[in-house]
């Protein structure tokens, strides 16, 4: 029988992978994708839990997480475009004007 | 049987997640991500949340990934050179491994002890997932729902303001 | 009856203020200024005379006059109060008397000096302070005078402030006096505190201290009797004021001041303050044989030590200065051996003849100065080697000077004879005396006679060594200068008659020792209480008397031989003992030693504290901390690489650590 | 009138400040005049205090005003709680008395941004007066910090070439101390609340003094207070801000700083640190007395070697305030009243010295001793005044300095600090050394430097500035009772209370010891 | 179907979301109007949004003391929320006032700017009044998303883009943790409603050492600690503040930070009161770290804008001290401090706005040489704000710090208080240095006498009044703050 913990473990692994991606990739868009990966792992956790606890809240939450993800996608990609326009790159290592 | 299937899907999900974080070209990463989303959708089905599965496919695979791909194409980004890492592989892996460790730890040690609700899988099947979600959304979580709309509005405005070329 | 005592110090103060404030702008006229100055002192002289006579006739011998409360804090009650008793009365006479004479003298001597008004203002201020010192009915008022005279001597020594040496001398004098004052204050605190806390008598009033002194006999501090410690402290004060070992070096330098000042302050009055103070507190001193012995020894040593230096000096004023130091030594011997009366007696007579000597030298210098100035020769007007044979030129000066020399050498029936003899007798015979002290004193007496006559001869006898151009311009000084000389010379001659020793008195037909009788109320008490007396047969006393006369004559004779009969002798001597001579001539290098020992060490210490500690250590630490924080900041800011992924990593690590800490415990 | 006298006096300068702010910035002379008038009015307002004999008869607070200022439910009440007694009386009067003189001294010295300077000066006056009269620790703290700001700007804007370092140093030193004090204040407050003092009393010192705080707490709290005040005094070894601040500050600034601000520290000890924590005081006395004596000698030694007149005077302040601290910690009437009197004396003498330095600085734009010499010849009046002030600073009998030092030394000698008193007395010698040496080098000798030959003697204005100070130099020297009579009752009362508490504490200690002793025997 | 609607409606209580409702309405209205107006006209937007704020303020004030609950416990407009709403309104108002001329100067007269600020404020309000994790989460997102946009508002300026992008990426990243935390808490308690969570945790003692609870607690905190810029989640702050338009930096340092505190504190109090020892201990460490790092790094800064960013980190540390104290005065002190900080920091930034030239490359210490004499009003204002930031009486900053440290002392955290004051001693140094340049240095180049835009001056004046009012008579506001906490 598959317990909630199985799902949570998978989610955990995905979450860790997401972080790893965020920490290593330098392409802003890829980083954003990794973040999406993290969010999805959370979604999985939520749904697993809500199924386990037999309550809807978790799934509703996931619903909103998706909305948020969409919104962030829109704004984030817009930001990347503007940045790209000025720097000809969306490499996060080129975001180095503001420091110290 | 089911457990095997679970492990299979989990494996695929993890592998495609691995693609996301390792592929040189953003496009491949994006495809890997789509793949993961599908796996998750499958999980949602297995968790008696078909509607969420559908939304997952539509919103994520259908909207977000497309948007991302669109932007990638728009900026026609090449592959990134994997010569230098901002903070070396070592640190990054240590960090994420620690996260993994933590997560595993509290999943193994911890217990999901939440108060059991009344929405059993049977009820889901009988009433129907969509309706349950709808009910919850429009009764219990009305306000968040409204806020979500504002959020989307803000996102749109923001995107417009930012992406417009001329003032 | 005695409620106008305050007038005595008041007049000089008034004079000082008038001259000081108005002298420069409004009065200007020298005559008037001089008149005001002299008049002020003379007035207080008159008042003192009145009170003196009044006191003579009075049965009660001690009168206080409280003017106002000065400091009243809890049990510390200090008044502006004056005390008239035989001792202070006598001092009054001396101070005002000699004071007014010297003022008179100054009118002539200072003629034409710029800052004439300043001079008289200071001089009056000095007399005022001296009178406060003498009249104060408690230690603090006395201290006011005590420091006041110090101040005035500072001002007057530094009168020619444009001369570097004058400034140095003034500073030196004041600081050394301060060292003494340090002792004085400590002694005062000690007495005040012990009397108060141990016996409930919180007082610094002399009368009360004298009355309650006996309570202290038991008290100990630092393993010694309180009285001993306290009186030693007081004596330190005395050594400062009265230029005794080890604090005597300022006095010779003080000769930088105008000569009348030397006469008044550094011969007649101020320097004797120490003696007076001991007289004031004789009870306390009498209680501590130790202190008394110390006093006597210090006095004796000073007497002989200064005398040796006096041998080799050529500056007439310096010779006199050292003789002063040595004479003060005699007075302290007297105080030390318990011959309080004799001490005060010598103080008085010394005031007469030493003032006379100084004024005489002043008159000479004045003449020399004019002459040299007139002839545009810049020889030193004070160097005896430029003098000689002035007897013809200035007879009055010569006469008075000679008389004073006789007096100081202690030739019979001159004032010096009686006082000094009394001292020697006590030193020999007193319960507190000792052969040692006596011996030293006698030798000192011999030397005194010698170098005083050396001085006399070099100045007035022999052929005239003055620069030929200036020779003929030397002539006798005007009357304002000579009159005081004459008066003082007269006093120097007869002044001793008020204190004729008993033996002599009996011999000459029951002439009482007026002075002793007069001062008895002050001293007898303690002398009786602590069995201080001189016992010995009349024969011995006569013997000693004769001996001392012989000694004096011997000194004179030696001087005559060396400086009249064959003047080349001194040269040979100096040649023979050149080493010794140099040392003596350079005053045993005491000043140099002091500079090396104290002055330089203090300066070094100061430099160390400032550059070493203040700047380096303290500010070093402060700025160091600041710098440290700065460095920390400069390094920490580099964590802010500006790279997104570093930030992310930091976040992750932070998270991980926090989570781990939480879930693992 | 009388029941609001203090408030009027304290806040009138603020009114003046507003007026000044609305004057045209060009009208230099006008601004100065207005400020001068304001300060003089403040002085006049404060005069009735000087003639009020109530201080002679009673040790209580007078002219008290009490108003609830901030009150927050049941945590906090901060009250506008002011009053004056013999301890603060003369310091207040000193403040109101010095201010006009300081302002007058700026007549030619300050020419840029006069407006700002005057505004700050007035603000400063409010701060100082407020700090002296506030009976509520919170209020005190506010005024205490309020003083910091104007002085910081005075040094920083109108100071010498090294002014920035000096200003920042001054600010940081003082602020660090006071911040620690703030924590201590809060702690005491909570202690009082827990001890059941009704919170309506707010931070009232009187009530805090009633608490009996356990010894180990007192140690810490006292340490915090003492540290803060020690910096302000300043005591060795936290004095190093003083020379810099003094040297760089404009004349008026130095005068105010020396005459009044430094007194905040000593006053703080007398008013707050000691009455609040008597037991800790007992523990700390030897240590602080030691520091004080070190300060006396050290300050004198360093002063001796200075080549800058102003620095010399600054270090002499360290020495003098060492005396004050010694007197305060003698904890008997002579010592304390000596200390209080010495505060006034130092205010007057050192203030005068700084003015004098200012005068020659205005003329020659240098303060290096080496530059001068033989000034007596050129400027006799100046010489006389300088000399009088010098001797008052040396502590010559008949001048104010003597009475103060004598009382302090007597007090210290009566107390347990006898040995310290002996060493402190050597300061009397050293004072003579450095002051006279400086005087000789500046005033005596021949006029070596051609620049000095043409110097003008003091102008009428300058004499007018010095005259009042000279008068007080002699007044205090000759008849100090005018001042002592009014401060003694308050001091006696304070000593009685502190001693009482210390006594009780010692009794308790002995009991413990005896108990332990017994147990040991058993 | 009808009963569904009824159920839906009976939960609805408009009064509970009135302020945010009004603001969103105004925002949307503004968006509409913008459509019909030519580009580049912004003055009307200023007025409308100000009116919107005033109206909202009016309702907030009238609502004071009458807590409203609704949407079955998704939101609660109690005094606590109201107090924070006031803070947000002030922050938004002052920001808007100072923005207009600035936008024109920098060449971005875009009227969407104002609705975005209004939406941000609304989001902040939802955070402050949310009693359901979803409400808080969505409020947070609304706020963040609009802030991402505002931070990167100057499309043409690469620094602005960079700021926006950095903020966005890190923000999204932290959101991940926040969500994970929420998920875990949900898993442990089975609810997303704060009160229920609290009750459930309190009821089941076994949960208190359940690793999931603790992990949830920490991960949840991370999201908010990121927003309030607590070390080690502070690193975005300086970059974003420096790159973002100055008024936005001002706004971020005041409004959203306060919002984060509001939500954080509410969650901690409602959900985790039974875990108080744990999280106070955690915050103790973070507070110290935050104060030290913020203050120390600020010393090395030469760009005043960036320096203020670091100082805002440090101030977050002080505020955290109030949370550590975890007692009445500590909490109300925190509320008070947020208000005070709004005034003084926005004031300081407003001065920067007026002091800057196009491109703002002159906002360095050197650039400020002699500023105080060339621009007296701004100089004095800046001085007062800086003294307030230092915490010198009588200023808002002092009262705030005083209350917070008082709370710490009362709770027995003496050493925390000592560290705090020592930190403000350190902070003195860099604040003083600004004044050193403004007044003690001679001007490098001569400022032309520019006439100050009225609106910005008004915002400065309001800030000044606020600082002085809170400094001299903090009593009343402190009373309100006390009534505001639970």
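Observations on the model:
Here the chain labels run A, B, C, D and E in written order, and each chain numbers its own residues starting at 1.
Assume a contact is a pair of C-beta atoms (placed from the backbone, for glycine too) under 8 Å apart; a residue touches a chain by one contact, two chains touch by 3 or more.
Everything numeric here is computed off the predicted structure, so don't read it as measured data.
Across the assembly, the mean Cα position most removed from that of subunit B is the one of C. Chain centres defined as mean CA positions place D nearest to the mean of all protein CA atoms. Chain centres here are Cα means. That of subunit A falls 65 Å from that of subunit D.
Chain centres here are Cα means. That of subunit B falls 30 Å from that of subunit E.
The distance from the centre of subunit D to the centre of subunit E, each centre being the mean of the chain's C-alpha atoms, comes to 43 Å.
With centres defined as mean CA coordinates, subunit D is found 71 Å away from subunit B.
With touch defined as above, residues shared between interfaces to two or more other chains in subunit A number as follows: 4, 8, 15, 18-19, 22-24, 26, 31-32, 49-50, 52-53, 55, 57, 60, 64, 68, 71-72, 75, 78-80, 82, 92-93, 95, 97-99.
Those residues of subunit D in touch with two or more other chains do not exist in this structure. Contact with two or more other chains is made by residues 86-87, 91-92, 95-96, 99, 102, 105-107, 109-110, 112, 114-117, 140-141, 144, 148, 151, 154-155, 158, 162 of subunit B. Of all possible chain pairs, the ones that touch are A-B, A-C, A-E, B-C, B-E, C-D, C-E, D-E. If you check the complex, the residues on subunit A that touch subunit C are 19, 22-24, 26, 31, 92-93, 95-100.
Within the complex, the subunit C residues that touch subunit D are 24, 68-74, 76, 140, 143-144, 146-148, 151, 154, 158, 161-164, 166-168, 170-171, 174-175, 178-179, 181-182, 185-186, 189-190, 192-193, 196-197, 602-603, 605-607, 609-610, 613-614, 618-619, 622.
Interface residues of subunit D, counted against subunit C in their complex, comprise 169, 237, 240, 243, 298, 301-302, 304-306, 332-334, 337-338, 374, 376-377, 380, 391, 396-398, 402-403, 406-407, 409-410, 413-414, 418, 421-422, 425-426, 428-429, 432-433, 436-437, 440, 443-446, 478-481, 484-485, 488, 492.
Residues of subunit D touching subunit E in their complex: 69-73, 75-76, 113, 141-142, 145-146, 148-149, 152-153, 156-157, 163-164, 167-168, 171-172, 175-176, 179-180, 182-183, 186-187, 189-190. Across the complex, subunit A meets subunit B through its residues 1-2, 4-10, 12-21, 23-27, 29-30, 32-34, 36-37, 40, 43-44, 47-57, 59-60, 62-64, 66-75, 77-82, 84, 90-93.
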